[in-house]
Structure formats: C-alpha cells, structure tokens
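Below are two complexes that have subunit A in common, paired first with subunit B and then with subunit C.
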Partner chain A sequence: MITTMLGALGANTRQLLADWGFAARLFFKLLGMSGAALKRFALVRDQVHFLGNYSLAIITVSGLFVGFVLGLQGYYTLQRYGSAEALGLLVALSLVRELGPVVAALLFAGRAGASLTAEIGLMRAGEQLTALEMMAVDPLQRILAPRFWGGIIALPLLAAVFSAVGILGGYVVGVLLIGVDAGSFWSQMQGGVDVFKDVGNGIIKSVVFGVAVTFIALLQGYVAKPTPEGVASATTRSVVVSSLSVLGLDFILTAMMFSI
Partner chain B sequence: MNDSTTPSPLVELRDLTFGYGDRVILKNLSFKVPRGQVTALMGVSGGGKTTVLRLIGGQIRASAGQLLFDGDDITPMGQVQLYAARRRMGMLFQFGALFTDMSVFDNVAFPLREHTRLSEDLIRDIVLMKLDAVGLRGARDLKPSEISGGMSRRVALARAIALDPDLIMYDEPFAGLDPISLGTAARLIRRLNDSLGITSVVVSHDVNETFEIADHVVILANGGVAAQGTPAELRASTDPLIHQFVHALSDGPVPFHYPAPTAVQDYDRRSA
Partner chain C sequence: MQRSKNDVWVGLFVLLGAVAVLFLALKAANLLTWSFSQDYEVTAKFDNIGGLKPGAAVKSAGVVVGRVKSIAFDGESFQAKVTLALQSEHAFPQDSSLKILTSGLLGEQYLDVSPGADEKNLVAGDKIGSTQSAVILENLISQFLFNQAEKSSEGQKP
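And then the complex of A and B:
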C-alpha cells in the first residue's frame, strides 16, 4: 500500500520534472533560433499580422468598455474627495500600468493562444510536422520560432491599442457624459503619467506576458496527443495555464517594479 | 555503384534491431532495396513495416545494427548529416500530410522555396511540371480542404518528388482509396519510378495492387523477413505463412482465433 503510493509519487515527480525539463529545453531552443527566425522576417511579419488581426476586434471592444467602466467608477470614487479633475490621470494610470497589459494578455491567450495551440496540435495530428522533418526542414525553426516572435511582438502592440481605446472610453464617459472638464482631464494625464516608470513598466509587462502566453500556447500544441481529443484538451489547458501565468507573473512583476 | 551489372543497393539493412522499451518490434532485420526498382514491404498490421520507413528516414534510431543509405549509416548521424540525407528522400504519408494553410501550388513549391534559391518563375515551372506528372496541374489554386483524399495523396506525391529525390517511400498509399483512385495511385508509383529513375519503397498490405507494380517484395513477420522475392515467386511459395498472406486466407499460421481457453473450458464455466 505505502510502497505503491510512494511509487506513484516518485513516478509523478519524475514525469513532472521531465515535462518541465522538456519545456525548458524547448524554450531555450526557440530563443537560440531567434536570430535565424528574425532573419527571415517575412515569416514573423505574417504571424504578427495574423495573430494581431485575430485579437484586434476583441481587444478594441473590450478596451472601450473597460474605459467606460473606469470612467464611471473612477468618477464615483474621486468626486467623494472633490478631485474629479484627476479622472484622466486615474484612467490612464490604471490602463497603462495594469489593465492594458493584463487584460490584453488574457484576451490574447483566449483568442490567439488557443488558435495557436489548435493549429500546432492539428499539424502534429495530421503528420505535417513529421512531413516537415522528412523534408529536412526543422519544424521548430520554420513553424514554432516565427509564431513565438510573432506573439511577442503582437501582444505589446495590442496592449497599446487596448490602453489607447480605454483612455478614449474614459474620456467619453468622464468628459462627454458626466461633464468632467476636458482640459484638466488631459492635462492631469499628461502631467502625471511618467514615460519610463508607467508606460515603460507597462511595456515590459506586456512583453513578458507575450513570451509566456505564446510559449505556453506553442508548447501545449507541440506536446498535444495527436488525436481530436488530445488537441481539444491541449487547447483548454493552453488557455487555463497561460491565463494563470499572466496573473501570477503580473503580481511578481508589479512587486518588483514597486521595489525599484 | 560497384559495376554496371550489379549496382549496390540504395538502402541496406544489416541486422537491424529496434524496440520500444522491452517490446521488440524488429529483430536482426536484414534486406536490401535495389536501385531503380519498386520494392514492396508487406506484412500484417503492426508488423513493423511503417517502423522500417521511419528508421530509413531517421525519425527513430535503431538500437543495434546498420542502416545504409547509399553507403552511409543513417543511425549515428547528427542533424546536419541527417537533413542532408533526407533531402535525397521523399516520403508520402498515409493521408498526404499536406500543409492545410497553403494552396496545392504552395505545398509543392514548399521544398523548393526552403532548399533552393531558384527564382519564382523557375519554381512555378517546376511546380507545374510536378503537378502535371500526377495529373493535377489544373488543381493548383485549390486548398487541401477542397480536394479528395486520393487527390491529396497525389499532391503530396508531387511535393515529395519536387526536389528529384533518389528514394521515395510510400506509407500505405492505397489505404482508404476507391478502386479508381487506387488503380491510378498504383500506376503512378510505377510510372514515376521508371520515368524519373528513382527507387521506390512501398509499404502496403494490399496484395493484389502491390504485386501488380512491385519488382521485389519483402514480407515481414515477427520482427524479421519471412520471405522475399519477385511477386511470382511469392505467389508460388509453399511456406504456410506466405501462402496464407498472399492468398488472404483467414486461418493459418496467423490464427483466426485470438488465444483463448478451449471452447469446452469456456462454455463449461457458464453451466457450472
């Protein structure tokens, strides 16, 4: 009884370590291929276009609504202290520092990440990856590396779109509907948002999220069982794992950025 | 080549052993694939035929023995050498394995674009020639989702011969095809082999179609070669296993019944 339990524990631990080891090796292999991948930039560019377009609609609409809500909630809190003119600053800081990178990454994981996992998983199931190998073309180099870089480039751009649209949403609600002074809305924002500390940290976050989400999506597709059920469960796992990673990494990054 | 009358084999397996863990799939397997001929690899399902193809392609490595491709042992090769060898091989997968996000044209052009620096004009001409060889020049703008299974395999064949390989391997090229597509596929394999001067290895368990086109047949059983020879020699074989296989008999050395307690034991238990 105890021996079987210990045996199972040992087997599970070994499997876990093997999986992590495989993931780490794949990650460093992809990083090592960066130079070659970026040299054939047309492939990366296609992926930026593809992944970006996938998520652009959902990112824009979500950004707008998050901006609306920030305008309303921010006004509600700020007017208690008689500082409703700081609404622009509050909306911009919330979006640029936090909501832009995080929400964009979560949406990206659900939209582009899931489709990446499904695409790679189906290529595996349809023997397309093996066919590449047999044509003396390295699937990591030709298929995974351009998608990896495409995701890393696309996500910060999407986060920027999200923040910009969100600020417009905050403006629509705060200034046009509630009647906060437009001049103070923009000037407070301009004066209070620091390029390096706020915008820069937001960009760092979204680059890190881009690496995490894209890598997890590719990994899950690459190791998916080559069956319809395997691809389906890999897609689910990709979204769950990458969403949790984004939230966990966000806490770590925010804590680090506070202490600097 | 050694001399003009008996050229060296393009592929030669010498005492090749392969298994997953404790399960041995191939044991001390030896045979030769003669140049310029169609060699058929046959045997019951799960007998290791596809494994042999994957070994020749270097996707899996043998645990013992040698696998010579044009004189060079595949097994110990690193990625660079292996990729160099693979450029001289074409492989046709069971269901084609076309790239689903590309048109038929781009699928056939893919190896040319990856491995050569030819101009797009020249690539276009080569792709159309290869597609014409499989009768699908007119289907170049279609997507893989818009063509039938038999057509996908022909496109995959055009892609496999795009770089004019020395060896082409077919993994179950007849599985799941209707009689017309099946006959087309079989004649195509023979015609390409003869007109392009390549060497073909066909893995199949379709006795009639395969015997029709093969020069040389190797039958695998229990991890080794059970018999080899020309189709006519094997048809005439008196070996019980070969006889059962070639004539598709349901009982023989490969039993119809899965191993079970005797009928008397089984039925007695129910009445007890």
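And then the complex of A and C:
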C-alpha cells in the first residue's frame, strides 16, 4: 500500500520534471529558430494576421469599456477627495501599467491562444506533424516558430491599442459625460505618466506576456493527446495555465519595476 | 517572397499599434515636455524639501520652466541638495529665489522660482542661494498649539 503510494509519488514527480524539461528544451529550440523563422517572414506575417488582426475587435471593444468603467469609478472615488482633475492620471496609469498588458494578455490567451492549441493539437491528432517530418520538413520550424513570433509581435501591439482606446474611453466618460475639465485631464496625465518608467515598462510587460501566452499555447497543443478529448483538455489547460502565468508574471514584473 | 492581400491588413494592424504607442508616448506621457528642449542645470540647498520628488515641475509665475532632476542629501551641511534642469529658453537673474509650494490642497509639490533683480543671469552649475523650505503641516500645528498655550498661560498669570 505505502510502497505503491510512494512509487506513484515518485513517478508523478519524475513525470513533472520531465514535462518541465521538455518545455524548457522546446522553448530554447524555438528561440534558436527565431532567425530562420523571421527570414521566412511571410509565414510570420500570416500568423500576425491570424492572431493580431482577428483579435483587434475584442481588444478594442474591451479596452473602450474598461476605460468607461475606470472613468466612472475613478471619478466616484476622486471627487470625494476633491481631486477629480486627477482622473486622467488615474485612468492612464492604471491602463498603461497594469490593465493594458494584463487584460490584453488574458483576452489574447482566450481568443488566440486557445485557437493555437486546438490547431496544433488537431495537427498532431491528424498526424500532420508526423507527415511533415516524413517529408523532411521540421514541424517546429515550419509550424511552431512562425506562430511563436506572430504571437510575440501581435500582443504588444494589441496591448498598446487597448491602453490607448481605454484612455479615450476614460476621456469620453470623464470629460464629455461627467464634465471634468479637459485641460487638467490631459495635463495631470502628462505630468504623472513617464515615457520610460510607465509606458516603456508596460510594453516590456506585454512582450513578456506575449512570449508566455504563445509558448504555453504552442506547448499544450504540441504535447496534446492525439484524441478528441486530448485536444479538448489541452485547449482548456492552455487557457487556464497561460492566464494564471500571466497574473503570476505580472506580480513579479510589477514588484521588479514599480517597487520603489 | 510572394505578396498577398494579408500584407495590407497586417500593415494596417502594425500601423494601428504604432499609432497607439505614439499616442501613449506623446499624448498620455511626457515625452514632448522634456526630451526635445535644451536644459541647463542649477543646484539649490533646502533645509527641508517636504514631499518634493525628482521629476516635479519647476514653475515661474505658474508656468512650467523646468523639472527637478535629482534630490540628494548633503552630509556636510545636513541639507537637501536639489538639482534643477531649467529650459534654456528661460533665463533667470542670479539672485532669484526658490520656494517649495503645493498645487491645490492635496496636490503635488513643485518649485516656484521668483526672479530677482540682478543684471547677471543664472548659468549652468550655479547655486541658488535663497531658498524657502516646504511647509510641514505638523510644524505648523505644533507652532499654533504652542502659541495658544503661551497665550492661555499669559492670560492666567496676572
């Protein structure tokens, strides 16, 4: 009884370590292929189109509404302290530092990451990856690497669009609807938001999230069990794991960037 | 490399992202206000800087004329040494004085430059001699309380 439990524990640990090792190996292999992948830029371009352009609608609409809500809630809190002019600063800082990169990455994980996992998982289930190998085409280089780079390019752009649209949303609610002074809305924002410390760090965050989300989606698809259930659970796991790692990474990055 | 109609859409997408980044840098952040104008640096020592931070505005007559570049502690005079970067299109007389003021009741603190009457202007590396420290609320309250206590004790004595 105890020996079987101990044995199962050991086997699970070994399996976990092997999974991590495989993931790390795949990650460095993909990184090593980036030169070759970027040389065939048509493939990357098609992936940017698939991952980026098609996510634009959901990103823009969510950004607009997040900006609306920030405007309303921020005004409600700030006017208690008689500093409603700081609304622009509040909206811009929360979007540029946190909400832009994080919410865009979460939406990207659901919208694009899931479809990447399902696509790769189905390719594996239909043995298309094996077929490519049979034709002496490396599936990592032909299938995974362009998608990896497509995601890394698309997500920072999407996060920037999210933040910009969100600030416009905050402007619409704060200035046009509620009537905060437009001049102080923008000047407080410009006084408090730093190009490198806030905007730059937000872009760095979204690049890191782009790497994490795209890689996890590709990994889950690549190791999916070649059955309908396997692809289904891989898609679920891809969204769950990448969302959680985005939130975890965000905490670490925030602690490193804005701790003082 | 073959061309496809994806080119246009991806190009548009990248352009949109670039416009968003530019918007964030120029309209939401302060890229325009500090990197394109030439600065000259002067230093000043304060007994107490209160809540002044690097990056705070330096204003004269309410108009921004520069930024606080750095704040350090001077171990010899036990004062705060503030380095200001003033925009070079604005020149101030050498005997100008500095005050730490607050914008609004709870707003950020900024430096106010009151121009003096000297013929010579400040140049890079100069020190501004006359400075007025930040108003610390606790000091004000304790001063007020001491005054009240003195008054009441004077009232009781005779």
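Operating definition for what follows: the second predicted complex is superposed on the first by the 258 of 260 C-alpha atoms of A that agree within 3 Å, B and C clash if a C-alpha of one lies under 4 Å from a C-alpha of the other, contacts with A are read in each partner's own complex, and residues count from 1 in each chain.
Assume a contact is a pair of C-beta atoms (placed from the backbone, for glycine too) under 8 Å apart; a residue touches a chain by one contact, two chains touch by 3 or more.
Since this is a predicted model, take the numbers as computed values, not measurements.
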Looking at A:Gly221, would you say it contacts subunit B, subunit C, both, or neither? Reply first, second, both or neither. neither
Go through the superposed model and pick first if A:Trp186 touches only subunit B, second if only subunit C, both, or neither. second
Just checking: does A:Leu56 make contact with subunit B only, subunit C only, both, or neither of them? Give me first, second, both or neither. second
Using the touch definition from the top, say if A:Thr130 reaches subunit B (first), subunit C (second), both or neither. first
Contact breadth on subunit A, by residue count: subunit C or subunit B: C
Applying the document's contact rule, which stretches of subunit A touch subunit C when the two form their complex? 41-42, 45-46, 48-49, 52-53, 56, 81-83, 92, 96, 154, 156-158, 160-161, 163-165, 167, 186, 189-191, 193-195, 198-199, 202-203
Within their complex, subunit A touches subunit B through residues 119, 122-123, 126-128, 130-131, 133-138, 142
So in the complex, the part of subunit B that touches subunit A is made up of which residues? 57, 59, 79, 82-84, 86-87, 89, 91, 93-95, 97-101, 110-111, 114-115, 156
List of subunit C residues in touch with subunit A within their complex: 1-2, 4, 6-7, 9-10, 12-14, 16-21, 23-25, 27-33, 35, 55, 57, 104-108
